[in-house]
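Structure provided below as structure tokens; questions to follow.
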């Protein structure tokens, strides 16, 4: 399960045009958002005359070097971290996407996924337009530039937003004008902070914390923000849609220290643990998390259930993105390289094992087996999310429907498959309760198969209707 | 003085779709054309279903690895080597440029320079089109795709050619259809060879030699070649223009073992030496070249003048593209790292020193000084080209007019500046004679200031007229 | 504070001489020990005829590639991970150190530090011997080879051990004979496991777990182990010394899932928290760790004190070894890049902050300040170790005496300096109690200034005496 | 055929201790000697207190970066370029070899090969000494350090020289004392120059030219040079041996612009061509070299024979050390990538083809075939050296005796094998004549099988005698 991206935008009006601070601020902000994408990163800074970029494959500290950042002067900029799956020419898909057009330069950093990208692309190609990358972002760039020739920036952006279906948290530079946009359903996160007398827009508030800034608020659904002359101007896309915030940001993706749409992720996760304890109690001696993502929920479960919290599994902090396996096939050693059982905390014990979610079930199976080998008498698996029964079309690279274990099996079947003594999933209502946001303002697509936007091939219209009434 | 590019195209109909030969053929061909561009290289192969590329910064052997080439199956492909000046985001300008459009995929490799690129770009931008690279090639791609939506491939290419002003030797893949195009003035070279039962199009015939192929002929001015089903089809752009072959390919750029527009470069250079000997004799003991580019002409001069040829300067074969200088400023050590005087062949001698051309004069000055330090009694500089008095707008990165020493000084002045006892430049007629092509079919722009195409800022129309009558 | 090294040894008698398993086993074992050294790594395998090595700067997954490991056949081998401080020629200090001598080849991997290395080196140099590296290991190699010319392997090793003063956990290959050695004080850890029908010796038991092996026991103080023909033979250096196990392995270095000298590190750390709660209670609302090293102790404190455990600081999991700071000086941003405060868990709260130790105090100061900025009403710092008042000479790169904040200040002074409302250190007896090993069998040098071996410049003899009686 | 090494030494007494000039001078000198070794390079500078090194695998411009050179202050230093054949741990064999010993530091850069290295190594190992590298240089270091404990530097070096059998041109730093040594037979070159008020010792005089210095003279056979306080002191090993300069330096290795033992290499090569023309005339239309090594001799042949010189083969200047071949086997494409026939200069012609030497004959065969394919009517191969019938034990990696085509075949047989119409080798007397040095002062080992030193397995003693009387 992989997040697609993280975005950043910085406007530091007080910065001397020759100052390099915005480039460094973007660098630190991207560092704080590294968990949202580890395959490539880029940043673009505009100095009033022209835009300059640094991009590359790899982690933030691998791509940028001090001298390059120092030379990247200017007082506005945007940045991006990205996860990707493709091969050699990846570098071409690395963002920000910078395009030149009649009026100047547009740079775009995008987190999200357009459901109607293909349709829009076909339409643009029918006009004889060409595509050099295979990202949705180039579609947005084409649409935006078409409008900019005829309309004001604000009208152009509004017009483009009316065409886009899906999730998009965007930071945009139109020449040296920084703009931030969040889709009307506010699916992916985006927030605003005050940093050193300027503004920072970022996918998560941890970026603001890292720069010692102050979180002002989340960007509203359908909001368009302009940053000029040290001021922030807010415009709103007129739409009657309710928000549909992605629940997996709370369950898994976002850093626990981020506040997303007003909710501290840490608190949500602890509450998930508490609700899970209430919904699925078990007679046991100890509560243990699958590290790291299950830790906070396990603490919550432990407190609610009054069962001692002990770390039964230890993670190898140095495990990289890659390691060599003796044969081609995935083997148990891969799991043991990543985590190790602490026998004393497991041996002879009845254990409640807390994981954030189960996608394919294969890793869960290996972990349960490792715990049994360490001597556990019973293993009660508890999952901090409802069963994932449908794919995500809105920005998460989960799996196909066929690969989703909960789409193909009963809970009893999954229990057997992973080898647990019992298995309990959080209920949808329990999840909503833990998040603390109105159910009608959450995207529960992967948990219900009903999406907040029309998606071809899914029972879309009806579901969209149903969503507007009730999940 | 830097060449912009080299291009290659391969159609190997007999190749199994799964064969990797075309990828390897392009690789070897690019290796043979490495002198035309050392900054980046790329190749694109189409397997009947889709196009796949490998691109990278650096020399041919640095960019490609065996496994990647092996996996690049398909029986048509194009390749490119490129010299460039820009910075970090260079990789985006690396060719072939591959674009997706309504009908499929277009990949383009381009050697040359469009004089009206900006104008065309403005026009395309006025239509709301966007540009991701800053290469002329993207302009060509836009124009081509616009036509392809409405017209046949042949008509589309004809139509685009009517819009382009400047030099362009192109290899193009439209899906798996290989096309080669040379501009109506045939400014930059392009030739066709038969290789292993298929066809190879390349900037220079050495690429064909390397693959043990047979040079068929040069691509004609304004010719459009289609390669399908093992056949080559030729179409002609109707134009009344005469050719204007770049003379600097003969003087400096091309490899001596290439045959360009019917003339073996080696022979031209030897003849240049002979003509130079006739035009500018000197009482002297020995004839020496500035290695490597002056060697062949020096041999010719020696034979014609009956003066002994001896190597007075030796080149460091291992000198790379970069070396560290103690201070920031360019120093004598840079010249001495590159070449060294052989005192025995110089000391006490009256020396005729043959160089291919003089651009700024600074290197010549250092070389003459090195030779005097080695004990030369007299240094008679002889230059295998006429004075360069105007910049090139058609594909060579020479220098600005202000930097051209012959644009700012008399020959006497240049002689003083470089410290020679005498200085003789080849005459324009001598050059034409050595090349052996009708003066009216050569581009002499940098030598006369009169160009074969209209160039804004130059006295263009009149000159174009004058060219059509007489240089 | 940096660990020096981790070592591994593998003997897999059943392995075909052409098998590559031992090389892969060492690879995985080193991966599991990566926390003990991240600067360089190496491994050496002997195939019965000759020894072959792979070494390099960087992390385990960066240095080794599959093909190289596959080609490294043989059924015995040793490996090493290393932390180092020196510059360009580091690679020469990378272990295993492989030397050729009259009888064959010796390869050595060493964790520890010799107190009398200089003295031994001087003695060896007086004999005309030369040193190519600046590691203690080369000293050991010289001493060993001198003996091997005259004595059996066992006698040679015994003889060398009588000369070495300090800490040394060694894995050694003498030709294809694997030997493991632990110094008589057993200062640094070393344990033995059974893996796939062979033996694995490693600095920590997690390496054995990773290979799905079974921990047999720790190597005894002064024990010499031979592995041949699938058997393990144990020999003992005759010495009346008691053990002096390093307490900082428990406090900080070792992985929590390792069992060292019979004690599970996780349990020791939890117990440290419990003892700390008893020794230094505080009225407060929440207990929070400095992640990651304070987590387990904080859980223990929380349970003992009955005060809620909440994570107040979140670590950036992607923080690398390096990041760019805007200026040269260390700044607050460095701390914020590494960790971030979770305001909800801090704001308005009286907080007990658990850290594993305080070395210089500068990081503690920044963390306390970060917590106060996040709104903490009170910050009660509790430290899971006694004050560090003296340097370590036995294998840990801590700091000079002058840099140790507890060597220069009272506890009250340190409290003021770091800005805490109260400060409590674990007592030495509390630490001993938590570890559960006889005080006389621990090295408490950095906490008492009295070391288990004579150290020049320290009040050594007396202290050594006092140790032998009582700390 | 590969040269082993090039060495450099710099003493710049006027340099401020903090000056970085010597490091840069060594860098430029190594650049000029790059042809003597392309696999690794290193340099060591002593600042009066300690020695610091930079070493690495690769070419000179790849290994050194400006900042590192700048930081390498000191007014004496040595450097090395090296060709090597071994694998992963190559870096350990990279020179200068720097060792610490009782009295200080010794750094050694070595060009040559010791014939009795194994014997000396065995002797040293018998004393219990250990070897970390597998280079002869470590043997020299051991011997030298043993002496330095008891004797003066000069006596120590003399004593070591009495032990060494073979070729050695050495630059040595004993602490900050620079010493240069050449073996009594002066097999490999070494010369002295004056550079910027200091001294430069280098394998070839081109290094001195590059630094704009003045060649003073060659180092004498058995000479020991000390450089201190801006003075050069010369000492002589008392030996009645005559010199035995390597003839292959003149034939192939050295740069043509170098003066070695008083003879300009360029002149020797031209003279070789002239002698070859006299010894092996042929009716033909043109004389062509195998580039680059045959060029100068071909010019000489052409002049002597009065037959026109034309370049029939063109070398690809960009050919790197590696390129990808489609299959595993060496193929014709490898030759065509490296060089290409110029048909106009070959077609229908009777051609004299000049190569510097023939080792295995396989490349010659491919070249002759390429020339025939280009239309040559006759190919008369002429070789600028006598047949190589025996291996070199004194510093050149040629081939085994079995691989040497002239060791296994008659000249007629070789002619058939390479496919030439006639084949003529330079005679030994012709070679001696061209070099201009007394036959008794040259090493002709590879041409006669009789070596100037005893070599085990060769008919050594008798040959050594015969050498002392007459070849």
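We call the chains A, B, C and D, going by the order they appear; numbering starts again at 1 in every chain.
The rule we apply is simple: a residue touches a chain if its C-beta (ideal position, glycine included) is under 8 Å from a C-beta of that chain, and two chains touch if they have at least 3 such contacts.
Bear in mind that the values here come from a model prediction, so they are computed numbers and not experimental data.
Among the remaining chains, those touching subunit A and also subunit D are B, C. Chain centre most remote from that of subunit D: A (centre = mean of CA atoms).
Measuring from the averaged C-alpha position of subunit B to that of subunit C gives a distance of 61 Å. Taking the mean of the C-alpha atoms as each chain's centre, subunit C and subunit D sit 49 Å apart.
Centre to centre, using the average C-alpha position, subunit B and subunit D are separated by 37 Å. For subunit C, the set of residues that touch two or more other chains is empty. Pairs of chains in mutual contact: A-B, A-C, B-D, C-D. Within the complex formed with subunit A, the subunit C residues making contact are 20-21, 24, 27-28, 31-32, 34-35, 38, 59-62, 64-66, 69, 206, 209-212, 255-257, 264, 266-267, 292, 295-296, 299, 303, 308-311, 314, 316-320, 322-324, 326, 332-333, 336-337, 340-345.
Touching subunit A in their complex are the following residues of subunit B: 53-55, 68, 88-89, 91-92, 97-102, 106, 122, 125-126, 128-134, 138, 141-142, 145-146, 149.
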